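Note sheet for the following structure.
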Amino acid sequence: MTQEQIRQAIIDQILEIAPDIEQGDIIPDKNIQRSLEIDSFDFLKILTALNEIIGVEVPEKDYAKVDTLEHMTEYFREKLLK
Amino acid sequence: MDLDLANTLYREMLLIRRFEEKCVEMYSKEKIRGFLHLYIGEEAVAVGVMHALNSEDAVFATYREHGHALARGVHPNPIMAELYGKEQGCSRGRGGSMHLFDAKTHFYGGIAIVTGGLPMAIGMALSDKMMKRNRVTVCFFGEGAVAEGEFHESLNLAALWHLPILFVCENNLYAMGTALEFTQSETNISLKAASYRITSTQIDGMNVTQVAESAQETVRQIRAGNGPVFLECLTYRFRAHSMYDAELYRQKSEVEEWKQKDPLVRLHQDWPTINIAQHEKEIAQIIDDAVEFAENGTLESVDDLEKFIYSSEVAP
Amino acid sequence: MSEFVMPSLGADMESAILMEWLVKVGDHVTKGQVIAEVETSKGVIEIEVFEEGIVDKLLVKEETECAVGTPLAIIRGSDEAAVTQVIEKAERIKASPAARKKAKEMGVELSSLAASGKVHLAQLETFASKAPKIIAPNGMRQAIAKAMSRSNAEIPHYYLSTSINMTPALNWLEALNATRTIAQRILPAALLIRAVVLALKEVPELNGFWQDGGPQISEQINPGIAIALRKGGLITPALINTNELSLDETMHSLGDLISRTRAGKLRNTEMTQQTITITNLGDLGVESVYGVIYPPQVAIVGLGRIMDAPWAQGDSLSVRKIMQATLAGDHRATDGRTGALFLDKLNQILQDPQELL
Amino acid sequence: MNSTLTYREAVRHAIVEAMEKDQTVFLMGEDVGHYGGGYAVSMGLLEQFGSERIIDTPLSESAFTGAGIGAALGGMRPIVEIMTVNFSLLALDQIMNNTANLLHMSGGQFNVPLVIRMATGGGKQLGAQHSHSLEGWYAHIPGLKILTPYSVQDAHDMLVLALADPDPVLIFEHVLLYNKKGTLNTDTPPLAIGKAKIERTGKDITLITYGVNVLKALEAAQILSLEGIDVEVIDLRSLRPLDDKTIMASVSKTHRVLIVDEGWKSGSISAEIMARINEQAFFELDAPMRRVCTAEVPIPYASHLEQAALPQTETIVAMARTLMEES
């Protein structure tokens, strides 16, 4: 999976969980939960879905590393490389 | 009367005869619908009278008016197209068989209410008189009209106002299916007209020569300012009242008897050198052309349904 | 034979639009079966039937607005014969055509002008002059406005607050989640609800109503969970019978409730049977929440953001995960002492999280 | 030029004007010449224009009406006077079967520029065969234009308009109006056929009427205004075509409709107007539409019965009050 594909998968899942958000609302370096009003519940759903797609589980202790779109993309990319 | 005139009259009567026979065919094929009143047998009346008119004179007729329209010079094509309900018809398909109209030949219908045309003809003659136009208005109607009040009102006005009008009563003995003797105390209609002080004559309506000569003379008198004239033409229709009826009201033998007086046969007997074959051939072509014209005609758009209610567009 | 009527899904609800029948005449229905969807000012809600029987007649067409109490269907017992007589419908509002048009323009329900009988332009003009209507962006805002105004006018609130050290609970939760797949993880929100429910079991006076001039304690614990809708507005549907749910079940039910709330698919019991409200604005970063009680409930629990803070324990000072828990109580029903007892219990439970399972 | 004259004189004035200006105009009817007209409209015209243009006809409504059609087809501009509307039934064949139909059934070839005038309406104790109001009935017929002058101005103007029209126009002059005086201004162009006139503006009720009932409606409006009920009175002027636009605009303003029609209710012009309001302005209505019509009886002779049968100012006032109470 390329970085771009990962990124798009994340965006797709955010839009899936929160259909009222527009792609343009997602700013790469902004906290996903705060800036898009995604609560912990929805955030968990997004991670659950991404786990199914990408095959990477984000443990709770790593939540700080997936707070923005940029970070989350990088996180998954690194995990996939390993 | 000479051979040329005999040929002309024969040809016009034949045109009416063959045209209407074609109408029967087309009616049977459902190309023509509605009421279809045939003039077959009575051709001598329209042809004889029209021959006496000039192009400016006005004509009012009834619902049995194909013959009058043809004799008056309305082209067979728009007549056939009208029967087909096409927009090329002489009434744009708005009239049908009973309502043929043609402004060019001053042919005012096509009035399908018995006697309904008489008052209008009176008015037309009145306008001629008031506008000092030297022309004649001819009004055709059947003997059934005599029973209507409008007949008497109109004859009275014509005489009273001394109008240039020719009344032509086509007495074919039956008002639809009721014989004249069952509806009138006085069956000599010319006498009724005479009672209004109108010059009145009864003539043989099966003899085109006599009709033409009488009409010639009466029209001359009218033009001379001698007031209205009434011609009662004794005639007979060979066919049913409208296309088909059971004809329970008359004997077959009576019809056969009258057919012996067929105006076409009669004229041919008087003028044996009339070139019938030539006329038949030419008229067959004219009628084929009329059918083709009607077949090729177009139907007026339904969008124009409400046209011709007022001269300009008026909201209802 | 009985009438199935438009249920009241909240004290402030006057009418709703019957959106869709989920059953047809002749269908056998069971107690608790969802048989229709209605649209209220709070969104689309599934409504349940409370008896077993056969749908004998549907009295109201889809997309019809009906006042609360309007008969919607006739349910007959399985052994009863089908009804033959026509059931009389509620009297139609006879509004003049002009009044109908005007009411539509003004956004006024004709039923708000007259329950039955006649409505003319004059009534609308009077209505407009007396109540200069601020056209609401949506009905939900109106519903909240109404309930909250009533609460503040009627309920004497008292407020208590305490700081809770969440480190033990969160450590415990993290360890638990570490052993689970991502789909099985428990969120702190569920853990907190579970803790509140356990505390309420100890202090049941806060779980109930102030009704008919007196307090009523509810056996079921159905906390109304404040769920924000992204497009604005807030709904507090009940998590039914939480007292009988384990932590896992609580998590599961909460997930289901949040999804259905946002999809507009709530059930009528969820809209009407809240016994207390829990509002957790921690996700938005606020430290403490002082709520307004939703009548006729008698308490609302507010949970703030869990954040790192200096924490003194004995002589030592350390950094811990700290959360502000608040309680607003109806002073008619309980006293501050009861509230204090509750917050203390809540704290104790969170310090010994094993109990939460 | 402004002058004060009676309705009768205004009609006569228009006839004289037209006959002086246009040699093709002539008047024809029963007793229009030597007698001076059944309602004295044509008094003095025989002397002025001679018997060729002021033509006394026999009692032959059908023949002379039909003669009017023929003369119109022949290029004249006849004015046919039928003494009263009940007699026009004797000419119905000509009016309906010929006048109204000719243009259409000839496919647009023959228009009929005919003017037919007749007296209409009750109130003079003339009994059931001289008192009816059948103009609404004639308004049923496409091809005709139906005018009902109320004012002295319209008594004149409508004849002018009718003579200028290429199609048949029927003018119904109410018998109670002939003696009414009013002002005639011959300088301003007439209000076109098919245009209604708002005789009085108001905001509470749209009162739609025509002919003599405009007078009663205005009286009623005056009484109602003292009670604070503000009535808008519309004189239809023309029953065919109907001025839907003016009607609907007024209904949209007042939201209440009252129609006063001297015809019988059943199948009447008032019913037609209601139907149109229903079709075009239903959502403007704040109360059921109401109407005051003639009782469904042949007009009786006895005065009290005749008065009871016809729309009256009091019945209009009462119906207006009902209408206000209903909304």
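Order as written gives the chain letters A, B, C and D; numbering starts at 1 within each chain.
Keep in mind that, in the parts below, a residue touches a chain if its C-beta (ideal position, glycine included) is under 8 Å from a C-beta of that chain, and two chains touch if they have at least 3 such contacts.
These figures come from a predicted structure and were not determined experimentally.
Student: Please indicate the chain closest to the centre of the assembly, with centres calculated from CA atoms only.
Tutor: If one averages C-alpha positions chain by chain, the most central is D.
Student: Averaging over Cα atoms per chain, report the distance between chain C and chain D in Å.
Tutor: Centre separation, chain C to chain D: 69 Å.
Student: If you average the CA atoms of chain B and of chain C, how many Å lie between those two points?
Tutor: The separation of the two C-alpha centroids amounts to 91 Å.
Student: Using the average of all C-alpha atoms in each chain as its centre, how far is it in Å between chain A and chain C?
Tutor: The mean C-alpha positions of chain A and chain C differ by 31 Å.
Student: Calculate how many whole Å lie between the centre of chain B and the centre of chain D, each centre taken as the average of the chain's C-alpha atoms.
Tutor: One centre to the other, that is 39 Å.
Student: Any two chains that touch count here, so list every such pair.
Tutor: Chain pairs that touch: A-C, B-D, C-D.
Student: What residues on chain D touch chain B, complex-wise?
Tutor: It comes out as residues 24, 26, 52-53, 57-58, 60, 62-76, 78, 93-94, 97-98, 102-111, 142-143, 145, 166-167, 194, 240-242, 244.
Student: Could you please specify the touching residues of chain C with respect to chain A in the complex?
Tutor: Against chain A, the touching part of chain C is residues 174, 177-178, 181-183, 185, 187-189, 228, 230-231, 254-255, 258, 283-285.
Student: So in the complex, the part of chain A that touches chain C is made up of which residues?
Tutor: Per the stated touch rule, the residues are 18, 20-21, 33-34, 37, 39-41, 44, 47-48, 51, 57-61.
Student: Across the complex, what residues on chain D touch chain C?
Tutor: 255, 282-287, 327
Student: Hey, which residues of chain C end up touching chain D in the complex?
Tutor: 96-101, 120-122
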